Amino acid sequence: MFSIQAFLDSFGPLLWAARYTLLVSGLGIALGLVLGALVCAAALSRWRAARFVAALWVSFLRGVPLLVQLLLMYYLLPVIGINVPAIVAAVVTVGICASAYISEIWRGAIGALPPGQSEAAVAVGMNNRDLWTRIILPQAVVMSLPALVNELILLVKASSLVSLVGIMEVTRASQAQAATTFRPLEVYIAAACIYLLINLCLAGLGRYLEHRMAV
Amino acid sequence: MDWDVLRQYAPILLRGFGITILAWAFGTVFGMALGLVISLAQRYGARPVRWVLQAYIEVVRGTPFLVQLFVLYYGGPLVGLRLDALPAGLVGLTIYGSPYFAEIFRSGFDAVPPGQAEAARAIGMAEPAIVRRILLPLGLVSALPALVNFSIILTKETVILSVITVPELMYQVQRMSTETFRYLEANLVLALFFWGLVELISRGGRRLETRITRHLLERPGHG
Amino acid sequence: MADASSVEIRGVDKFYGSFQALSAIDLSVPPGKVTCLIGPSGSGKSTLLRCINFLEVYDSGEIRIDGRMIGYDAPGGRRMSGGALRRMRQSIGMVFQQFNLWPHMTARENVAEGLLRVRRLRRAEAMARAEAALEKVGLGDRMDNHPARLSGGQQQRVAIARAIAMEPRLMLFDEPTSALDPELVGEVLGVMKTLAGEGMTMVVVTHEMGFAAHVADRVAFMDRGELVAVDTPEAILTRPEDPRIQSFLRTFHERNSF
Amino acid sequence: DQLEDIKAAGKIVTATDMHYAPFDMLNNGTYEGMTKDLFDEVAKEIGVEPVYQDIPWTAELPGLEVGKFDIVIAPVTITPERLERYSFTPPIADATVALVKAAGNDEMTAPEDIAGKTVGVQQGTAQFRQLQAYGETLGGVDVKEYGTTDEAYADLATGRLDAVAGSLPNLTYLVKNRPETFAKFEPAQFGEPTYFAWVLRREEESETLLAAIEDAMAKMTEDGRVEAIQTKWLGSYTELPATAPGQ
Amino acid sequence: MADASSVEIRGVDKFYGSFQALSAIDLSVPPGKVTCLIGPSGSGKSTLLRCINFLEVYDSGEIRIDGRMIGYDAPGGRRMSGGALRRMRQSIGMVFQQFNLWPHMTARENVAEGLLRVRRLRRAEAMARAEAALEKVGLGDRMDNHPARLSGGQQQRVAIARAIAMEPRLMLFDEPTSALDPELVGEVLGVMKTLAGEGMTMVVVTHEMGFAAHVADRVAFMDRGELVAVDTPEAILTRPEDPRIQSFLRTFHERNSF
């Protein structure tokens, strides 16, 4: 029943399509981490306005499905005269959406740090930047690594939604392949292997960092 | 906006939303329970058990839910496992969520200072009681936001159940849009329903968070 | 109170990586007696104490409580089962150097926890005994505070109450008065004297030479992971032979005279 | 005017879901199929370069409406509801609904044998409507809707379905590819004759483009190019109306 | 070393909810002098110390350092800006009762951190000064250990080294010797004496009556959130008038004689 040949044959086109999966999720992750840090900073800021914006950002982006966000970005922006190329729309949407989840993960980890840690830094007159980069983030990032790796792996997989705007990534390529060979099971398992490979790298990197940074 | 279309489709949309909520709740509760069991087995289990579970985590976490569901539903019968769409969806969601929850619990447990469990061990408390009374409540402090985060992600993953014909919200919305071409309305329905659900979940999460951390983080003290 | 326990330590070594924290420790703690461990910072006092209830795994030698080896089924043998270790620990109490109070429980709940889960007392009885223990250490008015809302000394007293409420046959104290003011130190030492009088075996890591002098039956002096001397308090504290002990004590006398 | 814009740009931007054999397929990453062969010729007639994009079906019509592409060249079944909202080019193929079953299933042969059985079909398609209507005349068929026909075929293979309804060309291609698993009914087709065509925005701007495509296709029918392409992909030639019926 | 700071505390109140932890505290700390805060557990010593560098927000009254009010721009006025508060804190050092070492840094890095980020020294110089400070407290051989791998007394000494390496003009010590053995207490107090001699202003919460007697210029006795008496060490420690102080000291003498 299961055709090994069809399974092996799928890898050619799927690996080719993996370029886009890597591109969109790689850039999306980078953007998500940077924006996530900013949003998290806003959420913990002293200014009520910044906190409000951050809360709205998180609420909207976690609340509305990525699918809908992508359609908004790609199909509705042109209605008000803004037209972006598909790949840009894809990366930006994925990055922005990830930032909401990432900022929540970091907010949680930071909240769980004992207050004595920052008190000791504040008491020597350390400025905010150093307080964050030297004391709070190194500890919070280590603590949040497992949840962060979870999120990044989800992101790699969520990048399949960008096929909606015409980008041929792994999932889309596997659907196309399945529709010509009429062997979806074999093709999809091949696609899963490719995702697994990418995600094993991410998980491995996460574990390596966890061990290296553990005290 | 075409209100007539929405009014006409309201009953099936609401039914779809009901199934979405059911699937989310089931996946969260049982996925979390399975994840907790996995993380505990990893903490206390023998080395081979830990290896097997680690492999389970990496494989289930590293592959798309769509494929897992496809294999379970369309591939299962090849090996004699024949589930109906909804049970297959619920089981699939539970399995899919479990490794994520397991990793979050693991990091929560790791963040509990070792002295906390030592103090309990020193008076001869049994490990199950230590988990229940010390590790879980303290581990939750750092894990809760990530748990809520992932539970919110699970709401979105329920839409994939439409692939195996579970008539959840996405399935019904797609039906409405292919039958009426009301794409704007369709996406609006998706956005509003999900936003409402997620808002509820994250509010509940925030509540719990402040309740749990109230006594812990006010002042230094190693407690 | 049940019978007091004895502790026999024979040739115990403990390594952290390549650093040897304990070298060939031999020590007998007779039942119903108070043994004080004194010595410089980093000399291995906490490590030895933690080996006695096997919170720290020792690498060789043996530690026996009432003749029964803890941690292993025989010298150099296999690890003891979890259940057996737990049963042994149920009759051992410990007050940690860093307190290790449970931050999500009030003072009362911290003390009652072991009574409920280990002694399996009914809730009302556990609470009553927890309250009595807290009263004893002068915390009657702070029972509903969580640890984060207690001063350093108050936290330490909760830790002491938590240990004594369990009525163990062997008690391990790791600097139980470090955060206490002189008045309280007096009170807490009083409580400990009473327990000692009632025949509980105690091993106390302390920097309180006065306590060692007045209450201890034996004093052990440690330095760099070695047990330098074990003897009566007078022998160690008033006419020590070892120059390390002499220098250790000199500064103490200078400082506390006024 | 859309036609002028396209000519000025020198290219026409299209969208299709590249997994609907034998019309649109990806073969090792290269787009091919009957649609492509036809549209290559049409574009040549108009004198512009075709740009092919793979867009999932759910996003095609919304994208067309906001001007992300000039034309949807996925084979779309002409229906009265769709005619109200979109313009259709002349038909490119017969879309009449047909049935497949599992190979070796001798219990059913003719379409009416599906009475009381479970039949899968793609959600929201014209084939779905026709299957439902046909089911009622038979006194009840259990219709199960899928996101794509591929999933319906997969469920037919697992045995959860007794048959799947789809367009004849697609089913023919399926059976040709996996004869060990699937088989056609005899006769395969039932219901009203319907057609596949391409879709344009229904607006004044697009009228000249529609006219240009109609001219091109008429010319191609005349000189035998349509027949050649149909034979290549479908194995036979059916004459088709010169404009979308009902438009 | 820069000029020593003076501290003026006037009518300071501090509430935790409805519980008053400090009531109308008045205290002057003259520049270059050592002031000891003593008193029972829970009397508000740590709280007062933490108000001086505004880690704890006081509710009324004023605290001035070198004449400049900390925390507010005027009595009952608005909160001070973050930058201004930071600049004031740069000349104030603090050793916490719970140490608050940074667990992700080694002992050396813990000490060097402030030198690098606040004093903006070059890396090599910061490390050299950190090592010197650690040598001073007897930790030359433990500089690469993370806090989790240090004994209680070693941790406390890292905390002390971290504070003195910054050479602040005002130093706040919260029980800086609680985890130290008598010998080390002597050494650390020696270090503090030197600093005092060099003209650093110090406020020290301590239970070491000997230190108070030998080093302090003034001793303040607190009880239940009130400042009961401030005077010379002799006045407070050898002929106290207040009965609360008398009883507080009695137990101390009993205990430390042997």
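Every chain is named by a letter (A, B, C, D and E) in the order it is written, and numbering of its residues begins at 1.
Note that a residue touches a chain if its C-beta (ideal position, glycine included) is under 8 Å from a C-beta of that chain, and two chains touch if they have at least 3 such contacts.
Since the structure is predicted, the reported quantities are computational estimates derived from the model, not experimental observations.
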item: Between A-D and B-D, the pair with more C-beta contacts; value: A-D
item: Identity of the chain that, by mean CA position, is farthest from chain B; value: E
item: Far-end chain from chain C, centres as C-alpha averages; value: D
item: Separation of mean Cα positions, chain C and chain A [Å, integer]; value: 50
item: Euclidean distance of C-alpha centroids - chain B vs chain D, Å; value: 39
item: Inter-centroid spacing, chain D versus chain A (mean Cα positions, whole Å); value: 36
item: Centre distance in Å when chain B and chain C are each reduced to the mean of their C-alpha atoms; value: 45
item: Residue list for chain E, restricted to those that touch at least two other chains; value: 96, 98, 100
item: Residues of chain B touching at least two other chains; value: 70, 74, 78, 217-222
item: Touching two or more other chains - residue numbers and ranges from chain A; value: 71, 114, 116, 119, 184-185
item: Residue numbers on chain A that touch chain D, as the complex places them; value: 12-13, 16-17, 71, 74-76, 78-79, 163-166, 168, 172-173, 175-185
item: Interfacial residue positions of chain C with respect to chain B in the complex; value: 53, 55, 82, 86-94, 96, 98-104, 113-114, 117-118, 146-150, 152, 155, 163, 166
item: Parts of chain A lying in touch with chain E, wherever the complex brings them together; value: 114, 116-117, 119-128, 130, 134-135, 138-139, 142, 213, 215
item: For the chain B and chain C complex, residues of the former touching the latter; value: 113, 115-116, 118-127, 129, 133-134, 137-138, 212, 215-223
item: Chain D to chain A touching residues, read off their complex; value: 15, 18-21, 25-29, 53-56, 58-59, 62-63, 66-68, 148, 150-151, 153-154, 174, 177-178, 181-182
